[in-house]
Amino acid sequence: MQLGMIGLGRMGADMVRRLTKGGQQCIAYDVQPAAVDRLKQEGVAGASSLDDLVAQLDKPRAVWLMVPAAVVDATLDQLVPLLEPGDIVIDGGNSYYHDDIRRGQQLGARQLHYVDVGTSGGVAGRERGYCLMIGGEADVVKRLEPIFSTLAPGVGAAEPTPGRGAGTSGTNSTSTAEQGFLHCGPQGAGHFVKMVHNGIEYGLMAAYAEGLNVLRHADAGQHAREVDAETSPLRRPELYQYDLNLADIAEVWRRGSVIGSWLLDLIAGSLASDAELKNYTGRVSDSGEGRWTVAAAIDEGVPTPVLSAALFARFSSRGDADFANRVLSAMRHDFGGHAEKPATPTGG
Amino acid sequence: MQLGMIGLGRMGADMVRRLTKGGQQCIAYDVQPAAVDRLKQEGVAGASSLDDLVAQLDKPRAVWLMVPAAVVDATLDQLVPLLEPGDIVIDGGNSYYHDDIRRGQQLGARQLHYVDVGTSGGVAGRERGYCLMIGGEADVVKRLEPIFSTLAPGVGAAEPTPGRGAGTSGTNSTSTAEQGFLHCGPQGAGHFVKMVHNGIEYGLMAAYAEGLNVLRHADAGQHAREVDAETSPLRRPELYQYDLNLADIAEVWRRGSVIGSWLLDLIAGSLASDAELKNYTGRVSDSGEGRWTVAAAIDEGVPTPVLSAALFARFSSRGDADFANRVLSAMRHDFGGHAEKPATPTGG
Amino acid sequence: MQLGMIGLGRMGADMVRRLTKGGQQCIAYDVQPAAVDRLKQEGVAGASSLDDLVAQLDKPRAVWLMVPAAVVDATLDQLVPLLEPGDIVIDGGNSYYHDDIRRGQQLGARQLHYVDVGTSGGVAGRERGYCLMIGGEADVVKRLEPIFSTLAPGVGAAEPTPGRGAGTSGTNSTSTAEQGFLHCGPQGAGHFVKMVHNGIEYGLMAAYAEGLNVLRHADAGQHAREVDAETSPLRRPELYQYDLNLADIAEVWRRGSVIGSWLLDLIAGSLASDAELKNYTGRVSDSGEGRWTVAAAIDEGVPTPVLSAALFARFSSRGDADFANRVLSAMRHDFGGHAEKPATPTGG
Amino acid sequence: MQLGMIGLGRMGADMVRRLTKGGQQCIAYDVQPAAVDRLKQEGVAGASSLDDLVAQLDKPRAVWLMVPAAVVDATLDQLVPLLEPGDIVIDGGNSYYHDDIRRGQQLGARQLHYVDVGTSGGVAGRERGYCLMIGGEADVVKRLEPIFSTLAPGVGAAEPTPGRGAGTSGTNSTSTAEQGFLHCGPQGAGHFVKMVHNGIEYGLMAAYAEGLNVLRHADAGQHAREVDAETSPLRRPELYQYDLNLADIAEVWRRGSVIGSWLLDLIAGSLASDAELKNYTGRVSDSGEGRWTVAAAIDEGVPTPVLSAALFARFSSRGDADFANRVLSAMRHDFGGHAEKPATPTGG
């Protein structure tokens, strides 16, 4: 099947490569001509402009956007006037599903089809395949199945789930979920599911990170604490005398334990090459989905204490709690005469 | 190698089976004679009493306890007088590492060796192998390697971690971690690492559970909310009109996504057979390690907002927040004249 | 000064009474004629319809809405066509500040002035006075000062704050804040500040409620726990043998302690009359501001772990974590063979 | 009544002054002679050593320790051998109640009486009086009432609580709680209640601090955010255009609002003199009680999500989440190719 790809960054270029390798025909475009050239050197057809891209595509066209969420609307403003009724626009980036619903209506008014695809897989996706969560009209999604099934990892990427199959409750025996792509519902449903996927991801990551931090400080009893009214002494230092090898611990957990996962595999790799993670400062970005997940939970009245704690830890890692902390220190000073204690070189 | 196993419950019996199948020689004992008989029918040697068990073991003996944490000390009180200098006692259950340190000293005073082993794997361990986190004296742990390597999943159970190997920083090139067992440090270190492992497990589980709950309520816009001063209306019901198939979503995430894991595999299985999870009421137990992990974090001064939120959600699931909630309702009544609203049948 | 009051519920009627007592002239209206009649019997002028209300007011008019947030727009739809350029509409309820910004623009297009007032004080406000957080055009707010100063508690309601005064940094020496009302900024600023006020309120309430719950369970060591693999035994029951009198404790904290507050005064009263709070079931409502506060924090990138934990505890109190908890129980069953434990009669 | 006071720091010296002013007879001792001299110049009797102190006291003696928790045991080691059966030792500092129980038994074996007193009031206590939470034998506590009632604020320090009085449920009509001191229960009960008091304090403080931080960032829409795949853009900057005066807002909340409190009074004072709190860096200490409160909650199985979030925010303020954050950044790099973003000068 033929597909126009707009946006040849990290994700977009690799998806073109996977599609091409899988027998699909891609025409690639990016605002940076060098990005197009790189793929052309690999034998992929390229376009020099949006007009050129649209001109090269057979009707009805299918165009996939893989651009930062913040520039999707600007791209659509340029692209949509070039399209014709029946054409399909797919947003495979990290758009907020609110925007999908709006865009679906706007494009629908022009008889264009809008499909939102939450795409997980990261830099490993080119080889492993991408997990695709899809929202849009059922027949349109169906039409795009050759694309989805080529991008997806395929049935063999995981063991069969016991209990799935004809006649079991709760499952769709004809679902493509086993292949790694799923039509989740109408427009926005794909990015809604991807949003929550990423919200979960924040929670999982934080669980590992906190646990490893507890292990790292298992030697706390070896560091004397001062005796003053400001500091809580460690009551039983003999209980915290362990020097643990985090790289080995992450590695051992990869086999047979309840907490094995792909994220743990990555952690094991990071710690194997740099047990102190000295290349990182610990300012953790967030790209939106974690925020939106918590906002959705609040709208729904669903408690998400873990997911929000994970989100807020990222905010704090970037210094965004600083003023609140100064308020705390000011109160402590005012009611108890407590002065702030300076940082000690043993921190971290 | 020969091993005496005390405690033939869910875990202990399966470990005997895996050891036997792997060529190790077990002598099995349980306070319930029926449990011993079951294994005898499978060809395993059994003991009728602790004395009998000790008598059947070659010196220096190795005895593995696989009993509830709450009865370890009582078992040791009976077992220890029967042992002789040089014998090894292994506690493979979920003991608190504080107890390991104490027991190590107590047994050491009698020239007995104490080894603590955190064992992960659950009901799947018999087939998959068990992930073993070990604390104790290095030479004693070394002596037990035939047992550990038989119980562990083995190198092939996971892909090699890139970056591990001779000369890389942070890794122990001679580590057994790749086989699925690891000598973590002195007595208590095994259960300390297992404790944190389970603390992480609580966080991971809660992340999935909260996310699925957000997905489940993606249809919130279909349920009208009352208009009164007590209730926050859903401002944009058109954004919450999705009926999502959670079983399919869990399944699709198993392939290619960033949040794939063994726990997700289990969730996919549960939802495939009962999408509503009607067999559960949602009273979630906790068996101690999550509590101890947070307590250790507090001792160390390490923030664990996610792990503690996961722990407290379990407490709340059992009704332990009830009085606090009544206090909140009383305050709302007193300052605002707010009456409590009754439960509505749409909850859950 | 003359003021039309629309909405004579709990808050609106008391505000009319306080204004009248303070020498302001109110004309009162409610969709329920009985509510108007009650105030008429107290000597307040009443209106039989919105038209009647508008007709009775001198120009330029000032009309205060004290209705549920969910019906403000519907009320404005009826009211606005009756008003004339220069008239002022005040929304004193719990509107979302997003709506204030929109309404300010809509009314401004008709040369009407819109003022948003966050009002705190609850049922005690009639006597204590109301704390007013105000957003709108500066000159319009200035014009309404007779109303605000009558509703507010006045300077004498609290001790002077040391450090406030001419020339000190950070303070507005001409601020009305000492009187209990404050022009916070342009339209929406009043409800923004009130929103955060209520967000803080959630956190404060939860802090007291959680602490009292810990005190209530200080007798945990008197209740035996079962010995099984599912339950974490209380390691040192001798440490939890206290039968504490919560009513007395709340009372003693009211004098001299760091945690004295008006909320604590209310708690002391509730516990004095019903130490078990048997009249409450613990289903805690939330009327929106806590949700909006956390949503604003997320937009701003500001961590609010405490305020969100307080919000989510309310959601959980209403059973909204149930499905998540069932997911947890299902996982525990699947990896560990753990069955759910039934509720015990000692809960709560 | 006569009392020996050991420890003339911030708290101890002021308590001596309040007792002296209230007609009680104090003999003051401190390891720093200068501290004793200061009080002697104010007319208080001083002691030059523990022997001297004990010698000056009438039998049965009453000695109050007001020293850092970490040196209580060392002080008792010196003091106890000097005392005689029937003497009373009071620990008025911030001891862990576990230690009270142990010390009570140790002193009891020598027929000495041990009383633990949680003391709240801080630097303001000299004038306001101290809130005293007391554990110990009932008759011994009764004997000390002249001391307690002099230190406490007295009945007039707060309005009577409606509902307290003869015959009402849940209250002790003969309680001293209205005076500001309370015999909470046997040894340890005083510090247990004080521990939870401080745990609540952490939650209250964090609620204010987080809310003020949200207000401070209400101008977020004025700061442009970069458009890239790493950053979540602020969707509606027009909603965050408020420059709020936090000093005035804290001040207005002091009158009539639901969130009025002594802590808020302090915040208003801090912000009045330094709206930016430039004198603080935001490294917030914790002196133990918050940790112990959460640990007790965990032992009891009581959820304290708010109190623990407040505690962990303090840990994070001191950099103790750094390694966890580096783990997060490493994962983001490995699955998504995300590089850390450097700190921007707009932070804080």
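So that you can tell them apart, the chains are marked A, B, C and D in the order they are listed, and the count of residues begins at 1 in each.
Here, a contact is a pair of C-beta atoms (placed from the backbone, for glycine too) under 8 Å apart; a residue touches a chain by one contact, two chains touch by 3 or more.
By chain, UniProt protein names: A, B, C, D = Decarboxylating 6-phosphogluconate dehydrogenase.
In this text the structure is predicted, and so the values were computed from the model without any measurement.
A count of contacting C-beta pairs for B-C and for A-B identifies A-B as the more extensively joined pair. Of all chains, the one whose Cα centroid sits at the greatest distance from that of chain A is D. For the pair chain B and chain C, the distance between C-alpha centroids works out to 43 Å.
With centres set at the average Cα position, the gap from chain A to chain C is 37 Å. Taking each chain's centre as the mean of its C-alpha atoms, chain A lies 28 Å from chain B.
Annotation for chain A: residues touching 2 or more other chains are 122, 206, 208, 210, 213, 217, 235, 258, 262-263, 269, 291, 299, 301-305, 309, 312-313, 316, 318, 320-321, 324, 335. Per the touch definition, chain B reaches chain D in the complex via residues 258, 291, 294-295, 298-299, 301-305, 308-309, 311-313, 315-316, 318, 320-321, 324, 335.
Chain contact summary for the complex, chain B toward chain A: residues 97-98, 101, 120-122, 125, 128-133, 152-154, 157-159, 161-164, 168-172, 175-182, 184-186, 188-189, 192-193, 196-197, 199-204, 206-208, 210-211, 213-215, 217-218, 220, 234-236, 238-249, 251-265, 268-276, 293, 296-297, 299-307, 309-310, 312-313. Remark: chain B residues 9-10, 68-71, 94, 96, 122-124, 205-206, 208-210, 212-213, 216-217, 227-233, 235, 262-263, 266-267, 269-270, 277, 279-288, 291, 305, 309, 313-314, 316-338, 340-343, 347-348 touch chain C in the complex.
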